[in-house]
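What follows is a pair of complexes built around subunit A, which joins subunit B in one and subunit C in the other.
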Partner chain A sequence: MNYMSIKLQNVNYIYGIGTGQEKHALKNINLEINDGEFIGLAGHTGSGKSTLVQLLNGLIRASGGTIYYNGQNIYDKLYNMRDLRSRVGLVFQYPEHQLFETTVINDVQFGPKNLGLPQLEVELRSFKALKMTGIGDDLLDVSPFTLSGGQKRRVAIAGILAMQPEVLVLDEPVAGLDPAGRDEILGLLKKLHDDNNITIILVSHSMDDIAKYVDRMLVMNNGEIVLDGKPAEVFQFEKELEQTGLGVPQAVKVIHQLREAGASIKGKPVTAEESASAIYNWLKYS
Partner chain B sequence: MLRDITIGQYYPAESAIHRLDPRVKVVATFIYIISLFCFKQLSGYIIAALFFLCMVKLSRVPFKFITRGIKPIIFMLIFTAALNLLWTSGENVLIKAGFITITAEGVKKMVFMALRLVFLIIGSSLMTLTTTPNQLTDAIESLFKPLNKVKVPVHEIAMMMSIALRFIPILVEETDKIMKAQLARGADFESGNVIQRIKSMVPIFIPLFVSAARRANDLALAMDARCYHGGEGRTKMKPLKYKKKDIAAYLVMLCYICLIIAAGRILPV
Partner chain C sequence: MIPFIKAEYLVHEYSRRDEEGNVTGINRALDGISIEVKAGDFIAVLGANGSGKSTFAKHLNALLVPTEGTLYVDGKDTSDHNNDLAVRQSAGMVFQNPDNQIIANIVEEDAGFGPENIGIPTDEIWHRVEESLKNVGMYEYRKASPNHLSGGQKQRVAIAGILAMKPKCIILDEPTAMLDPAGRISVIRAVQELNKKENITVILITHYMEEVTAADYVYVMADGQIKMQGSPRQIFAKSEELAKYKLTIPEVTKIALELIKKGINIPKDILYVEELTDILLKLKVSATVGVRKE
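Let's turn to the complex of A and B:
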């Protein structure tokens, strides 16, 4: 059985070595990401999240330490870095800024074409990806630059999905979208994870988004992973989270405040619905 | 990747040179460059080199940062040196082979010319290393203000300069980001022949131009929203003011140029 995972061992990353403005962005990161996990990566600006995700598909090289993908050292001389990039799909922040083709369908085809697939396969994957992201057939032949912000974002994400990665990493995929667009994209990720068993790493600083969707949560601060666990467990550390400038979801905050006031609410609710039923149970049975 | 490129190459440090008024540094650099052409003999070079070394010591910029400035002009340096070597006529012929004649005067001129160029480059790079681009444009605006009288839009030129400088790191970062985004989509910028490589740049340049246009538009709107209307009647948040140490620096430069000129007249070698 080929068990798939990403493993980081003592990974360090330093920006601007030898320029007099060095910045230690990642400090001794040890992390294992298992196949099929839905991970939320949180941390405020400059905590090293973006640096970490770029390491995962080999876009930048760690200043120290090793990264293993499926047990293979990606810094090995013989390791095929382009193959890694097709397996670990990375959607950057504001991915709509990378669109360049004349039509939507051409832009989505760019990724799979680079993989050297036959034309039929390229088209099949592209249509499928566009369908998944909810881009209608009427938009396939228009210029991507004429689309709305949310549509552009979905086309850009489709461009990565068309490569059919095993691991999908998204850096703030819902930044700047309206609530409807946000739910749509996060719902799509959930569906991808549940149906196709893709490993998803979602970088976000919205604790509410993370609480609702992920199974495991990582919190970064100053280039270190400070908390790692299920959202319900991580949110117990409200003080620590606030110190790193993050806080907890609104629903968790309400529960914590009620408890401080003396309410004996059971369980570790995370989402608004869970909190509501926990409060309901407390009112009913106490 | 591209983040490693240093344009504008300011080296942050706390030093007497860093704290000087940027106008002093611009004028001093100008004087230093002129001084390089005021002498013909060895002693002049020694004085210029010693003076420069003192300034480097004062500025606390590591020496390797200063010599780094020579790298891009190394080709020009060799070319100039070769021209001087081959096209200088003189009496003491060292080598004569066919149409190539190398004279002792030629060798001397080559060495001195190359030294002059090196001093020129590292002298001005000391200025850019110790002055932020914004200070530099402020200094240029202030120094060229008299040209306003002859209808030169000094403020506008300085503003364009500072905007351009401000946008260099932003666009470099943007290019880096777009490059990475396309690499993540399997783009290949390194293999293939020249035409294939140029073609592979399209996915970088189109998003870059689109984003540059968008940023320029946003900036124009933001300036308009704050009622920017050019330089007329505009005051500065941090106006440049000469202090005692700036006057002292001017005096040091005056002494230096006198010394160089005097050395050129008096000393035999």
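Let's turn to the complex of A and C:
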């Protein structure tokens, strides 16, 4: 079976079982993630996003329910969990804090080396990953600590890419970066997705970034997935999103306010450009 | 009137060292900053990563001292170490990561840590803690454990801890970078209230363009220098210059710009959603929709 998918069935996660301070972090999650999707995962702090992504590569084990990767139950005794971790790459928040080697190239090689690959393969994969993330050859032997914030983050992402994952999960990959740095990292993810068909799960607090980049948006609240659909559809639920501590992009807000005032604007624009076009058509033709 | 903050050709140099600790080069993180901030102003500082904004913030708190030039905070020269405590008491600092700043097991004890350290009597500490927590809307959580709070709530507790020291100025270095949208709004609102009601001077360093609209005046930094300054409207009307410094404009300003490009006659310095929708609705009503014929 070549078709890749991740399937969660009635997945629950409870922190602190038996301590008297149990916290039901995930409640009966049913979710299917398909090959090649670019997913945005949103939710307020403590909504369960990070718990969910840690389940996907087996870092933590569900308290109940089943997770299937490519049709195989990952909780099966014979299932190779190590293999899963190389297939589902997880990039934590502020991944540059995890850089530790003396040179960029050594840092990137750490992951594939640990997979037990031959040295030649390790090097090939590392060079390719650095190229994909736009780190030039001139930086290979430089200490990662001398790089800029955006460059460090790209090196850290290259370290995960060098393991050639089928799924790349990133927890707030642009937190703390300036607008140009944000566009650089998000543009890189989009390119990885488009050119290499890598499935991407982007955990983000930025509704603007989600609007611009993802195909499918999941919204979590209190351990449940409460909205699931294309961003343009999900952003129609402005009130519900605000109630869960999120919101909609300004581009969507403008359209909603104009409609409330009686404007008959067509479509469901989510970016500034789309909104401007929809407003223009309304001004000129309706 | 004496300005609250006065920087005169402020320079900061970091030395780069190799593994043996020998100096291999010098980084000029601040390159001749001259600014004046009046007491009670709300100032925003924008700039790309590495532009020098955080270095500047650390100077305002006397965590760093000038390599060249001078900096006066509340009339005190920061290069004189005897002024350190006084400077830090007048200008408190809030950092990016709330988890690194919370130290106590209970919210009210955390907020009381600062005033305790500067030798305030116990009764007065409790009085200040109560007032500060009320000011940031966290009083009802005073008995809670900080690790049960959301990011935005923790950050407001961190601000309360600063407030309890009765500073004249608060410096916030990307205080919302790790927060969700509701948390971001709650922190910025709390800061705005402190500025308006308590007349506390605010220096907000941020990457979120929408947050800058709350400020009276904006400085844009790049390469350790002030490259642009003005009101938020003046700054965001210059999207091309901002892009040069790796910055952008709020989404709503972007929509306005796109519409102008299409020939719609509206101002290019729009900052708020309501402002844009009002203008558009009026435009639609008046029969003369400004579609320019080329």
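Note that in this section the second predicted complex is superposed on the first by the 285 of 286 C-alpha atoms of A that agree within 3 Å, B and C clash if a C-alpha of one lies under 4 Å from a C-alpha of the other, contacts with A are read in each partner's own complex, and residues count from 1 in each chain.
Just so it is clear, contacts are C-beta pairs under 8 Å (C-beta built on N, C-alpha and C of every residue); 3 or more make two chains touch, one makes a residue touch a chain.
Here the structure is a predicted model, which is why all the values come from computation and not from measurement.
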item: More subunit A residues in contact [subunit B versus subunit C]; value: C
item: Contacts of A:V142 with subunit B and subunit C, given as first, second, both or neither; value: neither
item: Contacts of A:A175 with subunit B and subunit C, given as first, second, both or neither; value: second
item: Touched partner set for A:Q54, first subunit B, second subunit C, both or neither; value: first
item: Contacts of A:V226 with subunit B and subunit C, given as first, second, both or neither; value: neither
item: Touched partner set for A:L192, first subunit B, second subunit C, both or neither; value: neither
item: Subunit B versus subunit C as contact partner of A:Y15, first or second or both or neither; value: first
item: Subunit B versus subunit C as contact partner of A:V254, first or second or both or neither; value: second
item: On subunit A, positions contacted by subunit B and by subunit C; value: none
item: Residue ranges of subunit C touching subunit A (in the complex, touch as defined); value: 16, 47-51, 96, 150-152, 174, 177-184, 207, 209-210, 246-248, 250-252, 254-255, 258-259, 262, 264, 273-274, 276-277, 280-281, 283-284, 289, 291
item: Residue ranges of subunit A touching subunit C (in the complex, touch as defined); value: 43-46, 93, 146, 148-150, 172, 175-181, 205, 207-208, 242, 245-247, 249-251, 253-254, 257-258, 261, 263, 272-273, 275-277, 279-280, 282-284
item: Contact footprint of subunit B on subunit A as seen in their complex; value: 15-16, 19-21, 54, 57, 59-60, 82, 85-86, 89-90, 92, 95, 97-100, 110-111, 114-115, 145, 159-160, 163
item: Of subunit B, residues touching subunit A in the complex; value: 1, 3-4, 6, 11-13, 62, 65, 174, 177-178, 180-188, 202-203, 206-207, 210-211
